[in-house]
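Let me begin by handing over the structure; questions about it come next.
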Amino acid sequence: MAEKRFVYMDHAATTFTKPEVVEAMLPFLKEHFGNPSSLYSIGREGKEAVEAAREQLAKALGANSEEIYFTSGGTESDNWAIKGTAFARRKRGKHIITTPIEHHAVLYPCEYLETQGFDVTYLPVDGYGLVDPAEVEAAIREDTILISVMYANNEIGTIEPISEIGEIAQEHEIPFHTDAVQVIGKIPLDMKKKERNVDMLSLSAHKFYGPKGIGALYLREGIEIDNCMHGGGQERKKRAGTENVAGIVGLGKAIELASAKLEEHDRKMRKMRDRLLAGLLRIPHCRLNGHPEKRLPDNLNLSFEYIEGESLLLMLDEMGVCCSTGSACSSGSLEPSHVLRAIGLPPEITQGTLRLTLGDENTEEDIDYVLEVLPEIVGKLRAISPFYKPENICEK
Amino acid sequence: MAEKRFVYMDHAATTFTKPEVVEAMLPFLKEHFGNPSSLYSIGREGKEAVEAAREQLAKALGANSEEIYFTSGGTESDNWAIKGTAFARRKRGKHIITTPIEHHAVLYPCEYLETQGFDVTYLPVDGYGLVDPAEVEAAIREDTILISVMYANNEIGTIEPISEIGEIAQEHEIPFHTDAVQVIGKIPLDMKKKERNVDMLSLSAHKFYGPKGIGALYLREGIEIDNCMHGGGQERKKRAGTENVAGIVGLGKAIELASAKLEEHDRKMRKMRDRLLAGLLRIPHCRLNGHPEKRLPDNLNLSFEYIEGESLLLMLDEMGVCCSTGSACSSGSLEPSHVLRAIGLPPEITQGTLRLTLGDENTEEDIDYVLEVLPEIVGKLRAISPFYKPENICEK
Amino acid sequence: MYNKKVMDHFMNPRNVGEIEDADGVGEAGNPHGDHMKIFLKIRDNRIEDVKFKTFGCAAAIASSSMATEMIKGKTLEEAWNLTNEAVAEALEGLPSGKLECSVVSREAIHRAINDYRKKQGLETLPEQT
């Protein structure tokens, strides 16, 4: 086997924090520690830094900075958007439309709302995980108060037709939320143009080389929403709690860095990903999940028949390769991925599924390495699998 | 006037982050960036760090580590405790007991619950801000499902009779929450002994020399509570969202450092505070708010008649002294403090109120400095106040 | 998550394979789709050789490997009485929630022994659950 090498290919789970981002944060952990709500000078420094980060993010999204609210991460943004809208609009109706392939940070708030008297429609998705805008339109009822469809799926990478769905939502005057956690720093957004029909959008800094525990919710002006965090007057009285100044500054720096290199990043990711995919598809009984074209530039989701994902993951880890079997949040649980189930993947194939997500520091050498070790490991695991018939073994 | 000196006396608003804390955090912003939910090695490092911090906090509280849940701060902990308990127990009743001097992170969730059909009793407090346990008992109804009384008030420093109130709650089998945000690192707690009747307790790292944007909720085993953040399976499925690993590690280090020096810190704070108080009380028409003995060792809340707080604060800032007029969250607002109103302070006196909260890096020289500049500034402002009668001027 | 011993048995599982003319073959699975197939070569009431194939997580594979090591050379009675706790202990512990993954090996062993007994015209023994 090849010489062991550390290859991180789980950027959809979390990314490292870029050194420039850590540098930008440090002063706010150290000397500029004031509470941004305070009137005196060292408080104002924090306040200014928070507002500068808000500008950075607004610029990247083509949004107004008054439409940006910092939160503790993607989960809070999703929870706030879903539950906040539902409770604020409950007098108008109790129907919510979403998809079965959302992140749990959207699905579980919806399930919670079901226990509170709301009614949720989970749209069908096709074998690629695509939502059909016509199905959205068909699901709309008199009492529909919210539509939430993720921008791109975190497991299989499929990108949804957000503009089309947004247009339908807009026509029916229903607020439209999208979980864009996996999209920021990869696909250019413009809340004034391309995404003009998106009313709420969630993001999380640790998916684009920022720190963990900080995110934001884009809230289009005029959108009716209940607060989720009640308390002090921070974030223009919409999200209470002393600001995580260092985290916010880190998010600002991270989005600035990502925005400056969107195209370059996209090209680099695609090139590496396509070579990796071509190489891995040579393994027999291996299939790509998610849409072949409408997918994130850095995501590969592959099922290897006759083997089990955790074993595959751990053997890869032993060889220095970090990746994931589904969404990171559900690894360690025995439940098969709800996304793979929703796209109709049979359970026995679902089990042997691996997600490889590329990122900034990956190199062509990393691709070479994975192309060397992964097929060997698949072969090894198949050799001990009671389901695998020897006549099928055709790895070199 | 004395030579200008930077004196931070607003530790109740936020503290600086101790260098050892920043040191402890850095590796988790840099090389150990893995997602704690991931199975491979670099994820496990994050997981272990989170669990080590949980142990540190549990030890400091005399709690089991399974009773600790990390949150994004004191505000989230309070919101979760209040709304989570209310919604989980709404079938049993709709009555909540709290006080009018709680932080907004408790008060506003209560007000929100009132819009959702709950009924909230705000207990009376005396002139010192003390709650009478007999009043708690008297307020209990058949349908009372939660009692929340803060451990110590963030503005006037008064420490409430938490043990006694806890005992009453326990006798009536009503869950008891306390906001201990201002207490951690100052007063030793023991959830197995002294605080054995406290079922839920909120804390926030940036009040004890940890980072902003991270806190915890102590939840006694068996306590019934709805999730506030729904999503991934983090925090034993009770608080979803990718863990703020660096923040959690910082909280752990900060509580460890604070716990090791509780007594020393207490002695040091009291000594400085008492000298500062004695010196300031020489200013005529100046009064101490809050209880003279049952108060936090580092808190002074003083009203200077005939002057206005914001002016006082800004002049002090010009002299390098950072402090606050009330809670940091409400400064910048023109509303008089709800706490000072609740203890019956007349509005014209409330206006001239200053909160000075001492901390770790304050020195006797800082006290000397404030004792020199503050009386001068008070004198200066009184001299331009139309309400102030010259015959009252008695500063040297 | 897994200790060194578990990782060793997972990365280098012992006794992997099939025995063409096995005296007893047993298969067991669980609802998650995990599956083990075990092959026994038996002489004089002793397990002379054993091979297995397993589809499952690292805990399942390591338990299969350890269980086969533990029954090799043992009498059928000894092999029958091997508990999954003993396997877990020999592995120096499994993570909580992964103890169940070792149950499959015990069931497969029981079935292989019963398969052998059936072929010998003996009555099968009741499997504990």
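Going in written order, the chains are labelled A, B and C, and every chain counts its residues from 1.
By definition in this document, a contact is a pair of C-beta atoms (placed from the backbone, for glycine too) under 8 Å apart; a residue touches a chain by one contact, two chains touch by 3 or more.
In UniProt terms the chains read A, B = Cysteine desulfurase IscS; C = Fe-S cluster assembly scaffold protein NifU.
Computed from a predicted model, the values in this text were never measured in an experiment.
Graph distance from chain B (Cysteine desulfurase IscS) to chain C, where chains that touch are one step apart, equals 2. Put simply, the chain closest to the centre of the protein, by Cα centroids, is A. Note on chain placement: the centre of chain B (Cysteine desulfurase IscS) and the centre of chain C lie 57 Å apart, centres being C-alpha means. Rounded to whole angstrom units, the spacing between the C-alpha centres of chain A (Cysteine desulfurase IscS) and chain B (Cysteine desulfurase IscS) is 34. The distance from the centre of chain A (Cysteine desulfurase IscS) to the centre of chain C, with each centre set as the mean of the Cα atoms, comes to 41 Å.
Residues of chain C found to touch two or more other chains are 1.
In chain B (Cysteine desulfurase IscS), 39 are the positions where the chain touches two or more neighbouring chains simultaneously. By the touch rule above, chain B (Cysteine desulfurase IscS) contacts chain A (Cysteine desulfurase IscS) in their complex via residues 8, 10, 13-17, 19, 22, 25-26, 29-31, 33-35, 37-43, 71-76, 78-79, 87, 103-106, 108-109, 111-112, 116, 204, 206, 211-214, 226-234, 240-247, 310, 313-314, 316-317, 322-325, 327-333.
Chain contact summary for the complex, chain C toward chain A (Cysteine desulfurase IscS): residues 1-2, 7, 10-11, 13, 16, 27, 32-37, 52-58, 60-61, 97. Across the interface of their complex, chain C is touched by residues 306-308, 310-311, 314-315, 318, 332, 334, 347-348, 351, 383-387 of chain A (Cysteine desulfurase IscS).
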